[in-house]
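Can you read through this structure? Questions will come right after.
Labels run A, B, C, D, E, F, G, H, I, J, K and L following the written order; every chain starts at residue 1.
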Amino acid sequence: MAGTVARVTEITARSDTSFEDAIRVGLERAGSTVRNITGAWVKEQKVEVSDGRIVAWQVDLQVTFVLDD
Amino acid sequence: MAGTVARVTEITARSDTSFEDAIRVGLERAGSTVRNITGAWVKEQKVEVSDGRIVAWQVDLQVTFVLDD
Amino acid sequence: MAGTVARVTEITARSDTSFEDAIRVGLERAGSTVRNITGAWVKEQKVEVSDGRIVAWQVDLQVTFVLDD
Amino acid sequence: MAGTVARVTEITARSDTSFEDAIRVGLERAGSTVRNITGAWVKEQKVEVSDGRIVAWQVDLQVTFVLDD
Amino acid sequence: MAGTVARVTEITARSDTSFEDAIRVGLERAGSTVRNITGAWVKEQKVEVSDGRIVAWQVDLQVTFVLDD
Amino acid sequence: MAGTVARVTEITARSDTSFEDAIRVGLERAGSTVRNITGAWVKEQKVEVSDGRIVAWQVDLQVTFVLDD
Amino acid sequence: MAGTVARVTEITARSDTSFEDAIRVGLERAGSTVRNITGAWVKEQKVEVSDGRIVAWQVDLQVTFVLDD
Amino acid sequence: MAGTVARVTEITARSDTSFEDAIRVGLERAGSTVRNITGAWVKEQKVEVSDGRIVAWQVDLQVTFVLDD
Amino acid sequence: MAGTVARVTEITARSDTSFEDAIRVGLERAGSTVRNITGAWVKEQKVEVSDGRIVAWQVDLQVTFVLDD
Amino acid sequence: MAGTVARVTEITARSDTSFEDAIRVGLERAGSTVRNITGAWVKEQKVEVSDGRIVAWQVDLQVTFVLDD
Amino acid sequence: MAGTVARVTEITARSDTSFEDAIRVGLERAGSTVRNITGAWVKEQKVEVSDGRIVAWQVDLQVTFVLDD
Amino acid sequence: MAGTVARVTEITARSDTSFEDAIRVGLERAGSTVRNITGAWVKEQKVEVSDGRIVAWQVDLQVTFVLDD
């Protein structure tokens, strides 16, 4: 049963359009550093507001990736 | 005060487009089994990733439905 | 270091289109009462269902706003 | 050691007199569907208010019942 | 969809007779300041003891009230 | 500032009439062992059911008592 | 994407040998009622003691099973 | 038993010297708006860092104050 | 209804073979001080590691024992 | 592996100068009753306020001490 | 006081025999990347089921290792 | 919007003088490995005790640092 150990790492990502775009932004950046990402859990969702407008949609993600043997 | 007892049941639903579509998918499936669904609470949100792309948006829902007398 | 104290207040907002619209609805209403909102944390997400259809997307938000000196 | 597996199911019950009456209402309704209820844990307690008066005492219960072999 | 935004505020109330009386005391006081209270969630229940006797039944309530447009 | 240290101890108490009676039963028993009880926090509330009837109202209490100098 | 909705149900199972045996006992009993169990999460682990000896190893499991279309 | 209802409100305060100073800053600002503050619970503690140095000690406080009759 | 009050006390126990042995070790030690232990809840499970090997299996237990009348 | 069982007990301690002093006050008092204290976890931090001034810094501690064989 | 800073990292490990074997598998893999592992906390325990049989015992571990100076 | 992804990593740091010194020690060590630390959240606070004296003030920190593009 190879590849049975995975790591979970936490990232925070922001987008100026939506939470779902922020998830994509975060996973893309994470994917440039680690291989074999298998999923992510949305731990928190926040918005940043300035002058009454939402200027950032922010997610905290727990990203899981399988470790190479 | 008839119909004052409701049940809460947990389901997991997935969509390949968005979390909100996953909620609709889950409620539709739940509605084929039980009647009188009144709402749902989003307990968890996760994404599944393969080859660097999000292949499923998954929600864990606590679905409430009123019990018939 | 002026303006270093902020308040956090909880609101519940609903939309008939999406969670993200509910967040906008809630922040707009909050912004009519308090100034200097800097952000909000999404504490809960729920949907209301009637006759098998989602009739409201509801969010509980913890809204932060800086207090004037 | 027969009968060693139990199920836990969540219900919401309301009464217009008290939380304790709501627990009785919920257990009575649950008992019309399943046998061998052994207990319940009070997960949440809420009141509904209308025109300044409490119109419903509501409990969320985790009800345990032993499964037949 | 008017009146879709509500506020949630936390109060602590005490009674010398019971938790349920403390809830009534708290909601009555809250109702003298804000309108349109729709409900309350019982967050905590405590008793104060003096000379071996319970001298106060205390509840922490999260009170919800709808904001006027 | 004498007597500024208190201990917190957890007990479980049952009554066949109500949660509030169970709290009294628990505090009375605790008071036979320790002095200077100042309060208790209701951590959990459960009921035991037999043959469809509630046979015990059970509370888990965190009891606080001031330590003598 | 067929079969994308799963249910999560909670059971309590006991064994007189070990927690891991209790998990097997619980899953076996659950499998006699529902099909397509895909996994379980161990929510709680308890032991029952009598005369100073452990007489039961008990687990609370959240069991997931895929719903047929 | 006058004055038996209190409100709990959440604030965030910062200091450039310590957490305890941040608590004092927050209570001082809160005290300029409400009377009869009786205490505060430290909900979170954070530091802000810039160029490797701590530039702010931040606390989230739940402040309790007794409501006038 | 004699013997209806129980105490809950927390202990930490370690074994060099397994978590289940640690539970036995803890209950044995607890049983040398208090009578009438009825059960224990496993609150935490940890391992201690030295030179890449597990040198201790540690459990935090909430032990319940009935108080004598 | 002697002395492998420890107890965890909860105390509340107050100081009129700081949280860290309250921790020292609490451990000193606990040390007058039990031997072999190995550590403490800070569970809560609160302040008491009177006339706008902090009159007590209070900590809730989970104190661990090794049991003699 | 050298070596006083440690890192905590989360891994997920699976075994086809038991939870305790999964812990060993995870720590072994972690030990091939980092030195000076001092312990691990078992955050979650899950089983994977296929055709009614447990095919994997999975643990989520928070692994602590001391950082070199 | 460059630099919108941050990582969150957990460290444990100790000092023999105070919690605040432990935070500084931890951030200094973290800063020798990663750049662009923007803050830290205090997750836990513990003390180690030996012979009745506090010998270490320990903090668990969640450290956030912005990832380079």
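Definition applied: a contact is a pair of C-beta atoms (placed from the backbone, for glycine too) under 8 Å apart; a residue touches a chain by one contact, two chains touch by 3 or more.
Just so it is clear, the model here is predicted, and its values are computed rather than measured.
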Number of steps on the shortest touching-chain route linking chain B and chain G: 1
Touch-network distance, chain C to chain J, counted in steps: 2
Centre distance in Å when chain E and chain K are each reduced to the mean of their C-alpha atoms: 45
Chain B and chain E: spacing of chain centres that average the CA atoms, whole Å: 32
CA centroid of chain I to CA centroid of chain K, Å: 23
Shared interface positions of chain A, touching two or more other chains: 9
Chain-level touch network, classified as line, ring, star, complete or other: other
In contact (per the touch rule at the top): chain pairs: A-B, A-C, A-K, A-L, B-C, B-D, B-G, C-E, C-H, D-E, D-F, D-G, E-F, E-H, F-I, F-J, G-I, G-K, H-J, H-L, I-J, I-K, J-L, K-L
Chain F contact footprint on chain D (complex, rising order): 20, 23-24, 27-28, 31, 37-42
Chain J-facing residues of chain F, complex: 1, 4-9, 62, 64, 67
For the chain K and chain A complex, residues of the former touching the latter: 9-16, 25-26, 29-30, 33, 56, 60
Contact set on chain L toward chain J in their complex: 18-19, 44-50, 52, 54, 57
